[in-house]
Amino acid sequence: MSEQPMRPATPMLRQIAEHRSLLQRFMGVSKEWKGFALLLLGGLGLSNLAIAYVVIDGRLDGQWYDIRDLGNVTQHLRSWMQDEGFHPAVPYLTTALLGALGILSVVGGWLLIGSWVERRVLAKFQIRQGPNRTGPFGLFQPIADAVKLMQKEVVIPRVADKFLYYAPPVIIFIPAILGWGPVPWAGKMSFLDLNVGVLYTIAISSLGVLGVFLAGWSSNNHYSLLGAMRTVAMMVSYEIPISLALLAVVLLTGSMQLSTIVAWQANYNAWLIFLLPFAAFTFLFASTAEINRTPNDIGEAESEIVAGFYTEYSGMKAGLFMGVELGNAILVGAMMATFFLGGYTMFGLETWIPGYLILAAKIGAVYFLFVWLRGTLPRFRLDQLMGYAWKFLIPLSVVQVLLVAVEASIFARWETPALFPLAAFALLNLGLTVEMVRRWAHALGYAPEVAQQQPVMATAIGGLKAAQKMRGG
Amino acid sequence: MILAFFALSGLTVASALLVFVARNLLHALAFLVLSFLGMAGLFLTLSADFIGVAQVLIYAGSISVLMVFAVMLTPLASRNNGSTLYVIPAMLAAGGLASLIGFVAIDTEWDERKGEALGVSDFTTTVAGIGDLLLGRYLLAFEVASVLLLFALLGAIVLVQERRRAGEEA
Amino acid sequence: MNSTAEPYVLNIGPQHPSTHGVFRVRVVMDGEVIRDLDMIVGYLHRSMEKLAEERTYTQNIPFTDRADYLAAMSGNLGLALGIERLAGIDVPERASYLRVIFAELQRVASHAMANGTLVSDAGAWQTPLLYMFREREKILDLFEMTCGARLTTNYMRAGGVSFEPPAEFWPALNELVAELPGRIDEYMELLADNEIFLARTRGIGIITPEDAINGSLVGPALRGSGVPWDLRKAEPYCVYDRFDFDVPVGTRGDVYDRFMCRMMETRESVRILKQAIAQIPPGPHKNDVPLALRPPVGEVYSRVEGPRGENGFYLVSDGGPAPYRFHLRAPSLINLSLLRELARGASLPDAVVTLGSIDIVVGEIDR
Amino acid sequence: MPPIPAIEDLSITLAHYLGLAGTVFAIGTVIALSKRNAVAVLMGVELMLNAVNLTVLAFSRFSAAFEEGGSAPLEGHVFVVFVLTVAAAEAAVALAMAVLVYRRRETVDLDRFNLMRG
């Protein structure tokens, strides 16, 4: 076709052509490694069988080596200490420290791998590779990032309010840790099984507002202040739908204790997400607003106000804000799992697998959903979000609370097996939710057919006259 | 318990004092929240778990945010936390009040009321009891309080609503 | 809205995630609402038009790469057509077809970039942008195969194009053209019906046809507001009159219409590409033109429909080897001039999306 | 969580709580009386309300010893619930008024509110 000499295609094209998929890479692995992998899988299967045998045997229940519920360990430790005649404060303090250590290691561990997970998963959504240079699969990337952040110079704006500038990264971290208190990880495994657990959760989540606001205000920067005001307005608004959604949960289960809520779901084998779909949606959506995640991340909307309330923070202070964001995401995951997804139970699977692993898996699933949303959806505008909360979520949540109150009183007087009323409630709630959402949306003036009017093909070419002709006909 | 009481009361009193001393209104606000939190802790030591958590929710979470908005909606110039000349009479009056309460507290024979019997009827849960009382004996008061809240909400909205006068550009 | 709040001044840029380069806006804001704004340009000024008066016509072609650096081919084409008209140079037919192919590829690449950044401005964190970059990468690979450069191509010359595409080019191009419609459908599926995206872009930044014409808007910004004006149809250059394609025109003139116009234009570009590949005749890709070209005394204004609109080049020759006057009519600059009217009274997020939908390239604004 | 150690082996008495409440109330009084800024005055009032709540709860808790069983001691809690409600309402209205007064008079300085002065 041409007289030009043959030139090779670009190096990038060649690299893409030579890229091997994961399966191809596995097939290329040497025989020894394949054998090792098979051995590993076989060993795992065998050990599972052994565990199953012991569990069926009932030999494990409640012993200190029953790792399905780490609460057993602390229980035995405590009773041993009481038998030994320590001062009553000693077992109290010891178990409290153990629990705090557990929570801190969960949150801290997640801070170490969470950003890797997010970046890696997001990269897969965005047809990229993600971090893959530091360590295997780039696993050490968060550590490298943390070291980098800590080495960075902390720049403090000269006009910043020094005292209030230093406090927020710490203030905002406290609720992110405290919120883990009432979460039940297994039957006996919750740090602070308050009987006002639900209220506690809401109260703790409302504490973060102040840190955000102080961060934005003390930086003395318009972007920070805008971000802070947006975040505060949104957090205050979205606390109401969250409270109403949780109120529905409390009404149906009849308890504010998180472990009781989980036990209720396990008892009736009914996750609340099936019974209260609208509450679950409200909780999830409002939580994304509370913790500043897409599609509601307007508090730190990058394309508008740079980094929102922590624009002026640098080094590890900014790192703390980002860490809190990660920590809050899994905290919401844990809450979502506990309230709506059956917590540490999984239709009887919790007798075989440790409950905390099930909860962790559910948290991971919710976190994956968050990352998915972040990889997919654009961002709302502030007024749209506020309108959504006040005009849409709150009225419908109130209606739902009334409905659930009626259902709960029916359920409390029900004699026959609980399956029938629960199934009826599930169907009724689903149907009513769909109908309510549709009608209310139309009542608010939502009209999809107008919104999706597409451009047309020109029938004439020219200036204003052609435009008018096209508009006229 | 002793430790908890003294730590929390120290926190509460110190931050309440700092609210008075702080020169910047927002600093004062931050200390006020700290004081509220200490107070919530004190409530918990009185085994009032519901009230303690409600204190965190309402005071530390909501009223402080309201105050933040009030501070933000007024301009920079009015963000100082100065005192008027009334400070000295106020201090005298408050000192008198505090010493009166302290005198009564110390002078009264409370000793009989701290006896060993206290441990027995530790409330395990206050929520159910409070709920029963609110919707039982104090139902009328409860309803009136809800109406009061509603009217306060409406009143606040009406008060700060923008009245656009005729001829004024937006 | 809140008329009693104190307005304040917010400085957006020159370093800001959504100013698309080093462009600065000084905004007077009242809460979240923009009361007024000043656009401050010139951070990327390179004195292109004056420098051009010291260089020969051929040496000036690289300037057009660096003006609109996202649509170098269109800029090259506009200047090359201008020089040819000024000096009366003929172009072989194959070269015209190659020019159309590369200009349309450039349009696809540039629209991918524009729409990707627009959606990114609307808050979809880079995902659509990166997907659209996938196509752009392939197109840039084709450019690299052909002329060795990906961004600053310097490909069109007076009298033809600089290189004949290599043998691998044609299969790669065919493959790309075959897969592009599916990709565009994918983006439409992801974005065109997305409720959040609709909520963010419908009814935002509306430009009426009258305003658009009075503001002398060009390109998708003009067509998005309902004026069916496309230079490829109105005064066809190269061989555009031989192809069958449509011009999408918006109905409401908002951000969404501009976005959709770009998307649909990409489809039309693919149609043109298919026809051009089928019709391209054999022959030389270039006529011999002296390097030190000395056109006769005269002036010429040549314009092509670039991705951002009318790319105009005004050349005045005094008979010497260098142009006496060299002027770019940069579509970005003129489209941008309406931003002030659009953003007044809008909220900050709306203004950001509007700016994204106008699709500016700062290299072209500042020159 | 193990049960919180019972109060019996501790020596915090009602007097401690009352003294603390008195101190906080006094500080609140000083703030409420002497501050120039309307919001600061409100802070003082909130502190005073808190101190009263503490007193009520302390009485409620320490009188629990004498009425075994029964819900009588929880009446203090109910009272505090009402105080919280009223405080929230009061804060909302007071802050709205502060904002309104600022809009009208360009200041929230209480010394300048002398419209009623003859």
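General remarks:
We just call them A, B, C and D in the order they show up, numbering each chain from 1.
In the analysis below, a contact is a pair of C-beta atoms (placed from the backbone, for glycine too) under 8 Å apart; a residue touches a chain by one contact, two chains touch by 3 or more.
Treat the numbers as computed from the prediction; the structure is a model and nothing was measured.
Central chain (C-alpha centroid nearest the global protein C-alpha centroid): A. Between A-C and B-D, more contacting C-beta pairs join the chains of B-D. Each chain gets a centre from the mean of its Cα atoms; for chain C and chain D, those two points are 65 Å apart. For the pair chain A and chain C, the distance between C-alpha centroids works out to 41 Å.
Rounded to a whole number, the gap between the C-alpha centres of chain B and chain D is 4 angstrom.
Remark: chain A and chain D have CA centroids separated by 36 Å (rounded to whole angstrom).
Within chain D, contacts with two or more other chains are made by residues 4-5, 9, 103. The set of chain C residues that touch two or more partner chains comprises 4.
Within chain A, contacts with two or more other chains are made by no residue at all. Considering their complex, residues 3-31, 33-37, 39-40, 42-44, 46-47, 50, 53-54, 57-58, 60-69, 71, 73-75, 77-78, 80-82, 84-93, 95-100, 102-103, 107-111 of chain D touch chain B. Only residues 24, 26-27, 30, 33, 49-50, 53-54, 56-57, 60-62, 64-65, 68-69, 72, 124-125, 127 of chain B touch chain A when the two sit together in their complex.
Residues 1-2, 5, 9, 12-13, 16-17, 19-20, 25, 28-29, 32, 35-36, 39, 42-43, 45-48, 50-51, 54-55, 58-59, 62-63, 66-67, 69-71, 73-75, 78, 80-84, 86-87, 89-91, 93-95, 97-98, 100-102, 104-106, 108, 110-111, 113-123, 126, 129-130, 132-134, 138, 141, 145, 148-149, 151-153, 155-157, 159-160 of chain B touch chain D in their complex. Every residue of chain A that touches chain B in the complex is listed here, in rising order: 161, 163-164, 167, 194-196, 199-200, 202-204, 206-207, 209-210, 213-214, 217-218, 229, 232, 236, 239, 256.
Across the interface of their complex, chain C is touched by residues 1-4, 6-10, 12-13, 122, 125-128, 222-223, 226, 230, 294-295, 297-298, 301-306, 374-384, 451-464, 466-468, 470-471 of chain A.
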